[in-house]
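One structure follows; several queries about it will come next.
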Amino acid sequence: MYRLTVRDHFMIAHSFNGDIFGPAQRTHGATYVVDVTFQRRELDDDDLIVDIGLASETLSTLLAEFNFQNLDDLEEFQGRNTTTEFMARVIFERLAAAIAAGRLGDSGRGLEALTVTLHESHIAWASYEGELQ
Amino acid sequence: MYRLTVRDHFMIAHSFNGDIFGPAQRTHGATYVVDVTFQRRELDDDDLIVDIGLASETLSTLLAEFNFQNLDDLEEFQGRNTTTEFMARVIFERLAAAIAAGRLGDSGRGLEALTVTLHESHIAWASYEGELQ
Amino acid sequence: MYRLTVRDHFMIAHSFNGDIFGPAQRTHGATYVVDVTFQRRELDDDDLIVDIGLASETLSTLLAEFNFQNLDDLEEFQGRNTTTEFMARVIFERLAAAIAAGRLGDSGRGLEALTVTLHESHIAWASYEGELQ
Amino acid sequence: MYRLTVRDHFMIAHSFNGDIFGPAQRTHGATYVVDVTFQRRELDDDDLIVDIGLASETLSTLLAEFNFQNLDDLEEFQGRNTTTEFMARVIFERLAAAIAAGRLGDSGRGLEALTVTLHESHIAWASYEGELQ
Amino acid sequence: MYRLTVRDHFMIAHSFNGDIFGPAQRTHGATYVVDVTFQRRELDDDDLIVDIGLASETLSTLLAEFNFQNLDDLEEFQGRNTTTEFMARVIFERLAAAIAAGRLGDSGRGLEALTVTLHESHIAWASYEGELQ
Amino acid sequence: MYRLTVRDHFMIAHSFNGDIFGPAQRTHGATYVVDVTFQRRELDDDDLIVDIGLASETLSTLLAEFNFQNLDDLEEFQGRNTTTEFMARVIFERLAAAIAAGRLGDSGRGLEALTVTLHESHIAWASYEGELQ
């Protein structure tokens, strides 16, 4: 199995609901360093997993929607806690849709699985891994 | 699949038995930087994999039993080599028991698997991964 | 010259004023991974630069005042931009005052200089370095 | 499951064929920081996954064949693009053959799988993972 | 003293002249992860050391001249060894000139010193530090 | 000013004397990841700060004297605490003597200063910096 990972980041504000979050119920924020891992069984005709330039660009465009935002203000996240693990899944779904729409090229359609990891600090990170259709 | 990792560390002395270990048969030591990865299929009602505060605290308490010890002095390790991979398993078993005992809360019982990674230097690390009951 | 560094982190929300900040004028946030470097010419009687336990604890207590806050709400930062470099100086001043007040012990008074570095991402960090009185 | 990883590196020149590579069609180069992960279900009689000294030495010897080379000059790579993912597979195959030939000792034959990861920069890395016979 | 660092990278081929270089006399290559540190005594009116967007962009443009090149082919490096330390100085001089030419804005003229660090692997890096006019 | 850093590591046991050390008064151990920074004003005739192969080899030989030792057993450290900062100085003195003895070659005599940094964990490190004669 082949895997390629690219790294980027975004910076957001948010707050959490629920006693379990303690002081994190207040409006605070995070830098999320994002690692996206693309997985496929065989390389394409260019000996690539995916066009790394296209992959980095697509990721960057997608993260720009969240970068420098207060996630509490976004309609789609109402009633949810935008935890690190939750956001990993959100970015997974967006990237999976982008791949299905052909934004990583024809070769991108050969990708079989994706892992999105968000590092919230030097001592904590979370990921979501799923298969692609 | 969702995964959350938290990092901590502990510092121990030990020695190894067997010619294969060469100079490491002498009493020496290591800093182990520990990464514990908690895995579950779906997030809990708070959009969490596990209460990260509780997880970090439980790990820290558990590592405190080994921290600043000479592992050669501990009854339970007699006749074994406390290699990096061996200690990864030891910590896995302790954490698995703590989770089963409810120390990561009710939600912690939803965890399905655990990986414990011990970094012994910038160029070597070992892990043990297993399912939870 | 001897130097000792300890690492911690805090997570905040804030916004910036001025066209130069572009989208960062919106409320967003950051994880700041903090490295504090203590400097002195000679070791103390215990062969230490400073009591590392006391140093880590003092830093953690100090960062707790900012952790999980929206810096825009804090009186003392009105009219300023709480940039990474600005916050490095703020933490420097607080630590310098704590050291002068004896919170790092008698030996802590032997410290000659301090550097505070805040990492805002894997590709950007800022620091403030100054002498102690 | 137990896993042990050792890290090394090598430095090469190469060029790529195909419009998709843009400026990387020119002769350029890379430092590849290499992580090799050895996997087995149970520890051996010494409480080891593999003799780490032997594993590091074998890896180093193997990488020396490529280190300080222009990969474009090597017969075996004619007609292929020596991308990061392609080279991860090449090193996997070499190591798998070395293990089968007993170069990691008798215990090395108990290894079940291998992952080879090549880091090409702080923001991109690729790996190949496969089972051993 | 305030310092801000930004990170980028470039990938090149080259060869060295002189017996001291051993196998590195052959055409090989490197990924250079580049850290540039901007230094000034006081923050500007926006509470900044330098406009980080402008600084990153200027660095990226400058590195693009070397990225995906065989340094042996460049006129300006004839008769020199393009070692890591040598290239750190080259990039320092280019950036210093860009700053003097106002490419980091008016505020950029307040910068007093610059350090350029090139990481050639996980175990070796070199830097050049100098004052600005 | 030019600086070159090389990284290596060693693993030791030791114990500390003094109430200030708490549980670290017991026999425990550490992995020290060692960064040595060589400094000089101008490059030598090969465009080098120092022969990096010779520097790495000299460092490795020097660290081998301490590697896999219980520092409490070494005559020279009786009555001292072998703290991270203390050991940074010890390695500095050894390297400075090696350089003075010509073990880094003629060019090595052009070195002006040296910094030795010992990382004891992902959250703590210490260094000693001094001039060379």
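Note that the chains take the letters A, B, C, D, E and F in the order they are written out, and that residue 1 is the start of every chain.
Operating definition for what follows: contacts are C-beta pairs under 8 Å (C-beta built on N, C-alpha and C of every residue); 3 or more make two chains touch, one makes a residue touch a chain.
Remember, predicted model here, so these are calculated numbers, not experimental data.
A repeat of the C-F interface exists among C-E, B-F or A-C. It is C-E, with more than half of its contact pairs matching by residue number.
A rotation of 120 degrees, rounded to a multiple of 5, brings the CA atoms of chain C into register with those of chain E.
At the interface between chain A and chain B, under half of the residue numbers involved are used by both copies, so each side presents largely different positions.
For this pair, chain C with chain D, the centres built from the Cα atoms lie 41 Å apart.
Per-chain CA centroids place chain B at a distance of 31 Å from chain C.
Chain A and chain D have Cα centroids separated by 27 Å. Taken residue by residue, chain D touches two or more other chains at 7, 122-123, whereas all remaining positions touch fewer.
Those residues of chain E that touch chain F in the shared complex are 16, 18, 20-22, 80-86, 88-89, 122-130. Touching chain E in their complex are the following residues of chain D: 7, 9, 11-14, 23-24, 26-31, 33, 67-70, 120-123.
For chain A in complex with chain D, the residues that touch the partner chain are 1-8, 43, 46-49, 51-53, 56.
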